[in-house]
Amino acid sequence: MKDTAILLIHCPDQQGILASVTQFLNKNNGNIIYLDQNVDRAESIFFMRVEWELDQFAIPREKISDYFETLIAKKFNIRFTLHFSDERPRMAIFVSKMSHCLFDILSRHLSGEWIVDIPLIISNHSDLEPVAKRFGIEFFCFAKDSKTKEEQEVKEIALLKDKKIDLIVLGRYMQVLSDNFVSNFPNEIINIHHSFLPAFAGAKPYHAAHERGVKIIGATSHYVTADLDAGPIIAQDVVRISHVDSIESLVRKGRDLEKIVLSEAVYKHLQRKILVFNNRTIIFN
Amino acid sequence: MKDTAILLIHCPDQQGILASVTQFLNKNNGNIIYLDQNVDRAESIFFMRVEWELDQFAIPREKISDYFETLIAKKFNIRFTLHFSDERPRMAIFVSKMSHCLFDILSRHLSGEWIVDIPLIISNHSDLEPVAKRFGIEFFCFAKDSKTKEEQEVKEIALLKDKKIDLIVLGRYMQVLSDNFVSNFPNEIINIHHSFLPAFAGAKPYHAAHERGVKIIGATSHYVTADLDAGPIIAQDVVRISHVDSIESLVRKGRDLEKIVLSEAVYKHLQRKILVFNNRTIIFN
Amino acid sequence: MKDTAILLIHCPDQQGILASVTQFLNKNNGNIIYLDQNVDRAESIFFMRVEWELDQFAIPREKISDYFETLIAKKFNIRFTLHFSDERPRMAIFVSKMSHCLFDILSRHLSGEWIVDIPLIISNHSDLEPVAKRFGIEFFCFAKDSKTKEEQEVKEIALLKDKKIDLIVLGRYMQVLSDNFVSNFPNEIINIHHSFLPAFAGAKPYHAAHERGVKIIGATSHYVTADLDAGPIIAQDVVRISHVDSIESLVRKGRDLEKIVLSEAVYKHLQRKILVFNNRTIIFN
Amino acid sequence: MKDTAILLIHCPDQQGILASVTQFLNKNNGNIIYLDQNVDRAESIFFMRVEWELDQFAIPREKISDYFETLIAKKFNIRFTLHFSDERPRMAIFVSKMSHCLFDILSRHLSGEWIVDIPLIISNHSDLEPVAKRFGIEFFCFAKDSKTKEEQEVKEIALLKDKKIDLIVLGRYMQVLSDNFVSNFPNEIINIHHSFLPAFAGAKPYHAAHERGVKIIGATSHYVTADLDAGPIIAQDVVRISHVDSIESLVRKGRDLEKIVLSEAVYKHLQRKILVFNNRTIIFN
């Protein structure tokens, strides 16, 4: 596998963008190994993800951003982010007492399914410290109540910055993060909510689903924003239930949904396949 | 196929109900051809549907209800409804301008998939009168505005009672029925809502789903109650969507969901496989 | 809605194709309203569907094919088909005795969901003639046995050619078409098989599924080729079943799958969103 | 939670079974906390799972089997198995080199999702020994080739018998077990096959699925019998794919299916909710 560069692009739709971008890469000997694009016709916005090999590429990697800005982006009013395949994201996992999402993430990490570093796990309880130890990952406990939450978050943010974390995964972390916390990590916090959002936002969604008598339950992974459970949705999945399912049975069936949907979202993020626009996600192929 | 009787039962859970009911049928030579039961452990309620052949049954059909009440139901505080397989339900269909649910229902009726009479179609517009004609079914148009709604509903109710209608199917009928109307047909009106309820209740759910950026859309069939889109859910189904789907595309994909989910609910109702309890449904196998 | 042209393209993958094609359209004032492309990395084949408005396009529609061949296709060894949005496909439906797929197709046609002409329905039985009449479509019965099959097919082919049919939909037509018949309509015959192919190819798939004890059944729409049930798959869908489902219940649940999956395939074909390569389909967004 | 007894029953369908069994339990003060039954009408077989509390039950647990046989089973020609909720099944896991199923099982075990003992892991390679160590479970490596397979299996069987194993889970164990091995553990070996059986039985199903161009892939858990991939199916699930998915992408998507479907089957087995009849499974609610 050669090293590659990845561009995520959006701009007002107009003639010639696709041709210009691909020509820019072709001319400079960038062998394109992935390209996915689409146009939102209603809002007239062009979206694109393109990935190309760096080894023959004429422009040195540290100058790509500058050249692309000058030669292409300005003309089309493009906003873009540039990533390199050899950048290894650094992920922190936040958990409370339930372990199923944590196990699923650590298993994928350890087995090499995901290319990511996980320097630490943070929790408001010590219950899952043994799991962290079993996988050899540092565990920090920041207990919180309404009085201590603010100062504890300050410490958490400092720790995360110190560890150079660029992705925070909330694996059933049963605490609401403050606006201040969230604003430090825009589109860098992924949560799993145990319902088919926007249905049953907030606390105890399985109880609410049972009470309402739905025939299908779901799970939703999303970027965390200041509005609770209202950030851009990354992935959702559902499972059929029936009148014979008790709340305990919903919780059991939901666990499998939650861990798979959360991990799918994290995978897409790590692959740089997500672009956020207007509180919605474009998930490239 | 022999004529059968069908009992739908619920009562506080207690020892001996199942044995007593099955013995009652066995002793009187009622050959059981279907039995499904379950207990809601959280609320301690027993639910059951049992169906048996009438030809050898010792109790004449007109006396079954009385005997069952006296010999069994009283003892266990059972509430029940009794149906006979040779009763042919009489269904009215309410539509507005969209035809997909109407076509689906009429096709099933005409092909013999469903055992039901459909004496009439009611609409607030005349657009679908040609479809009614094509299938040879009487069509009535009751245009409504905020002033005329009440009197038009009075006429509709009179017509429905006159035609001995015992099931009303709202096949994308874009009008809210008044509490008075609904109270005339308790658990006898089935609606299809074009979202995964309780998400996106009310108007324009596909627009709302697109705006929210969900990755899955759904449709929900339910009994109509006084609370809009809040009645007992009978069936739900979903389909995956992505950022490339426009609102038009959601509408197109949703049509197929809507007609299938509505027809599934109607089928279950016609089979007497639905029991409503506490605004939830028990859907027997 | 303006008239558009649609190009379906495939060729060996190489630098510059995408840029060349989009430039060709841009330079000649073809406003692109749809573009979807992908590369099969394993086989190194480039696939693309592009659609653009004709009204400002500099090249007259009757010359587009020639110009594209000369200026672009030759260079990249592209194979392509060109379609125009104002071409109205002409579809024939083949049925036997079951009506659910037929009703579904005719309903979509009549309601304007699909832009297509349906000049005739062909069957080996007369059972569904009343349905054809109800929808005002000519019905032809070609009864077949092992002796008459060949001559009957000759008549069918003549009739289909005479009616300028360019799409044949087999809506549960319970006859195998001869190789000769199929070779007259390459990638123009769509069948629905009532199983999750390649499982349960051939006759009585629901019986076979029940016998095997599967927990999910499916339906598969595919282009018909000389090999029975082995043509390029267009669409598939599944539904969960359980040990309580009898064969009759599988048949009932399967009907809904069949009609929806068949209609989905026909829709994609009518939209010119299918490209066949190596007995597989590329289904554009 | 009180200790319970569980009966799994099947017999020719006939009047009075259900009443007799429930009366037997009621009379002897067995409080029924679960009952699910159904009749296969085509084959006229009655199936049932019933669970009741032991604390007030008049018959001592060691005599239940004898009493039930004498008083009920003989009369109705019932075949049954009796289990107790405080019996802790002993599971062995067989793996090769892939870890995703193993991690999923060990995580559920460690987190207390499942009540089971896992005394050992067996493999034909040493790759996953570190995973076994991490979870503190004994690991045995039995390398096999065509010459050594028979003797190695003899050792494995001896070890499994010595460890009193009553459930063997093949978590992507890439070896076919001999008939002799299988006959030692009837309905006690659960395998996960990475396809939607009976499609793509045998080796390399993802390659075969890609080659065939299916639009949905699946995974199937089943009891192992002498016929390869042909044992009673316990659980299946599927995921949609498209032409953009490479074989690698199918493998990635399939991993999640495999682990969830395998674990679902194991869970049902541990709950004593599976009855095998005629190479099919009845999966109770």
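So that you can tell them apart, the chains are marked A, B, C and D in the order they are listed, and the count of residues begins at 1 in each.
As a working rule, contacts are C-beta pairs under 8 Å (C-beta built on N, C-alpha and C of every residue); 3 or more make two chains touch, one makes a residue touch a chain.
It should be emphasised that the depicted structure is a prediction, and the values quoted were computed from it without experimental measurement.
For the pair chain A and chain B, chains touching both partners: C, D. Using mean Cα coordinates as chain centres, the one most removed from chain D is C.
The mean-CA centres of chain A and chain C are about 38 angstrom from one another, to the nearest whole unit. Chain C and chain D have CA centres that are 41 Å apart.
Each of residues 38, 41, 244, 285 in chain B touches at least two other chains. Within the complex formed with chain C, the residues of chain A that make contact are 15-16, 18-19, 22-23, 26, 31-39, 41, 240, 285. The touching residues of chain C, when paired with chain D in their complex, are 38, 40-42, 47, 196-200, 212-216, 218, 232-238, 242-244, 246-247, 279-283. Chain C meets chain B in the complex at residues 99-100, 103-104, 107, 110-111, 113, 131, 134-135, 244, 252, 255-256, 260, 263-264, 285.
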